[in-house]
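Dropping the structures in below, format is structure tokens.
Two complexes are shown next, each including subunit A; its partner changes from subunit B in the first to subunit C in the second.
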Partner chain A sequence: MTDHGRERLDVRIDSPGREGLAGTTPANMYRPLQEAEQVTIAPDWRPMEDQPAWRNDFPIDWPQDHYVERRDFMKFMVLTSAAFTMGQLWIGVQNWYRKRTAQPPVQRIASVDEVAVGGSIGFTYPNEFEPCLLVRLTTSEFVAFGQKCTHLSCAVIPRPTEGSFHCPCHEGRFDLRTGVPTAGPPRRPLTRIVLELRGQDIFAVGVEERT
Partner chain B sequence: MPKPDYLHFFIDPNRCIGCQACVQACTECDTHRGESMIHLEFIDRAHSVQTVPVVCMHCEQPTCAEVCPADAIKRTGDGVVQSARKPRCIACGNCVIACPFGVPEVYEDRQIMMKCDMCYDRTSVGKKPMCATVCPSQALFFGTREEVEQLRPMSTPVNRFQFGRQTISTRVFMMLPSDTVTQRPYVDVTAAMSEQPRERAITLTPVENADPFAEVEL
Partner chain C sequence: MNARARRPFSREQRLTIIQGMLVFVLIVVVLQLWLLTATMNAWLGGDESLVWPAAAASGAGLALNVGLFLYLTRLERTRGGGG
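Right after this comes the complex of A and B.
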């Protein structure tokens, strides 16, 4: 029986070095194996150079299928970073346009007498889909914020006794005076409505989106 | 870790006794969820009880992978054609129609093709596939070429199959009587299927004083 110049495998399960073979054979059991680079033989038995290009693009063999060329990797890196750069530029352009758009028209909310100290009234500004709250903190102090919680747009409820807006959906809290988040999931402050006092009437004159 | 390249799978159909042990052993394995990947086929059920175990032959030109539209059937560097990749397989059944040996099966309930992968979890660490461990007549034999030469002196392993104009070489060997192989070193499957029994007949000469279950001296 020829040996073909390699170490013969002893198949007896109790031979030295093979104790505990009930599990898996230790990896150093066999001589190191070289992974075959190209094992595919095309169905027409011609060499791979004579094969159509798609056969190289869709290889059957795992090593070729997983192989990533340096050029492909570089292409991926360049295109991905280019996409991120374009995205940043797009955000910048959007911000620039948003700043240039005019503030919404001035709208009368209420007269000073209609809101008690510590009380609040709701209104919509700049359109009917944007509910807002006007809160009278003291005799002379008014604040107004958009009612949409910055977490998931639930309607916040003012709690002047606690000095906060409360969002019942996820127990979010915002400061009553500034609108900054103090507890819960929200991370951005509420949209501030810029107010103006003209005589005895309170007017909304602008919207301040904050981050 | 790849399958050791000096261990091969040898199928000796004329030793098959149809006991279904391979099917049961394959069914018990968890890696393909209780389905048997080995098929035990009757050759000519009307006239004979002869059966043949059908495992994946692991073609060097895998037709199943050639026809796969989803690129799901891949072969590892050691020449083992693996079962369909789960994220890619669309269970279209092209491989089932294309495979000349009739090995792959589509499981509609789990939307995947599963086929024999020569028990890759076992063979890649040098163990025998499940079916080869249980086969009582060793019609399914997994080992070195030297072992099989010693065990089957009248047979020669053949790994070329002719399907009409398609020639396929495989990683799994079929044991054929040596005198047949000297005439024709491949299996002409379509000729064997033809109704005229011109090339079908294979004569077996019994070996004198041979112990069929003799252990190989290593």
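Right after this comes the complex of A and C.
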């Protein structure tokens, strides 16, 4: 039977009209070794007798091959989907942990006289793994930001003369006064450290993440 | 059990079905990737309101994908006449 130019062969010897030579053989006597749908089909859908010798020697069932590779790819994609969901849950756990930790401590950074106008000093806050920068903008204005670039966590460098923080890794820039990104790949502002002036001393009293 | 029940779809039909499933799964995975990056960006910026709704949406996407895959394995089991 021809269907769209390809041969459809029913290989089962017990199929109608082929019940053995005399038509009296029990059907299970000639049970085929392969089901009809498991018979090798060449890419051009022609029967194997018309195929070159090498294809007969190394037959590949292309429709089945396509099916299996799509199934395996789908399995991989389902695993990828599970990995993304695990990532979301990981953010949730980290969020729970962040909420659970206590408020950042009040920490003295420096006295006013220790920082010249246009100058900066480094400190860590709220723990030793979070480097920060205190910058004196004018005689009475101080700002402090986390030193990690919001792109890939390189250390930013203050450039008061240009009015910016500069990230040397990918040429990112942040405004010196606000910490808002002005150039390069960063999209989020620098983490702001909330400051408090007590007498002649400058204290860090909080951390402000911003979008 | 009759032959139709044992083998509901031909091989060509199964190939079409799996291609449709694959397109659906790929769309869901791309959405999940976008959701993960958007949630991470918001969370790092201090916005915590998105975290659990986004996780629930991602979990729903995963449930859809797993459901489709289980349906595919059920198709596999019915192929070839119970062999």
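The criterion applied here is as follows: the second predicted complex is superposed on the first by the 109 of 211 C-alpha atoms of A that agree within 3 Å, B and C clash if a C-alpha of one lies under 4 Å from a C-alpha of the other, contacts with A are read in each partner's own complex, and residues count from 1 in each chain.
Here is the rule we use: a residue touches a chain if its C-beta (ideal position, glycine included) is under 8 Å from a C-beta of that chain, and two chains touch if they have at least 3 such contacts.
Note that this is a predicted model, so its numbers are computed, not measured.
Visitor: For A:209, is the partner it touches subunit B (first), subunit C (second), both, or none of the two (neither)?
Guide: In the superposition, A:209 touches subunit C alone.
Visitor: Which holds for A:85: it touches subunit B only (first), subunit C only (second), both, or neither?
Guide: After superposition on chain A, A:85 lies in contact with subunit C alone.
Visitor: Could you tell me if A:60 is touching subunit B, subunit C, both of them or neither one (first, second, both, neither)?
Guide: A:60 contacts subunit B only, not subunit C.
Visitor: Looking at the overlay, what does A:187 touch: subunit B (first), subunit C (second), both, or neither?
Guide: second
Visitor: Could you tell me if A:161 is touching subunit B, subunit C, both of them or neither one (first, second, both, neither)?
Guide: neither
Visitor: Who does A:74 touch here: subunit B (first), subunit C (second), both, or neither?
Guide: In the superposition, A:74 contacts subunit C only.
Visitor: Touch test for A:42: subunit B only (first), subunit C only (second), both, or neither?
Guide: Only subunit B; A:42 stays clear of subunit C.
Visitor: Give me the intersection of subunit A's contacts with subunit B and its contacts with subunit C, in residue numbers.
Guide: Subunit A residues touching both partners: 35, 37, 63.
Visitor: Considering only the defined contacts, which subunit B positions touch subunit A in the complex?
Guide: Those residues of subunit B that touch subunit A are 1-2, 4-6, 60-63, 65-66, 71, 73-79, 82, 125-127, 143-144, 146, 149-150, 166-167, 169, 218.
Visitor: Taking the touch rule as given, give the residues of subunit A at its contact with subunit B in the complex, in rising order.
Guide: 1-2, 4, 6, 8-12, 24-25, 27, 29-30, 33, 35-37, 39-43, 45, 58, 60-63, 65
Visitor: What residues on subunit A touch subunit C, complex-wise?
Guide: Touch residues, subunit A against subunit C: 35, 37-38, 63-64, 66-67, 70-71, 73-75, 77-78, 80-82, 84-85, 87-89, 91-92, 94-95, 99, 150, 187-188, 208-211.
Visitor: Give the list of subunit C residues in touch with subunit A in this complex.
Guide: Result: residues 7, 10-12, 14-15, 18-19, 21-22, 25-26, 28-29, 32-33, 35-36, 39-48, 51-52, 54-55, 58-59, 61-62, 65-66, 68-69, 72, 79-81, 83 of subunit C touch subunit A.
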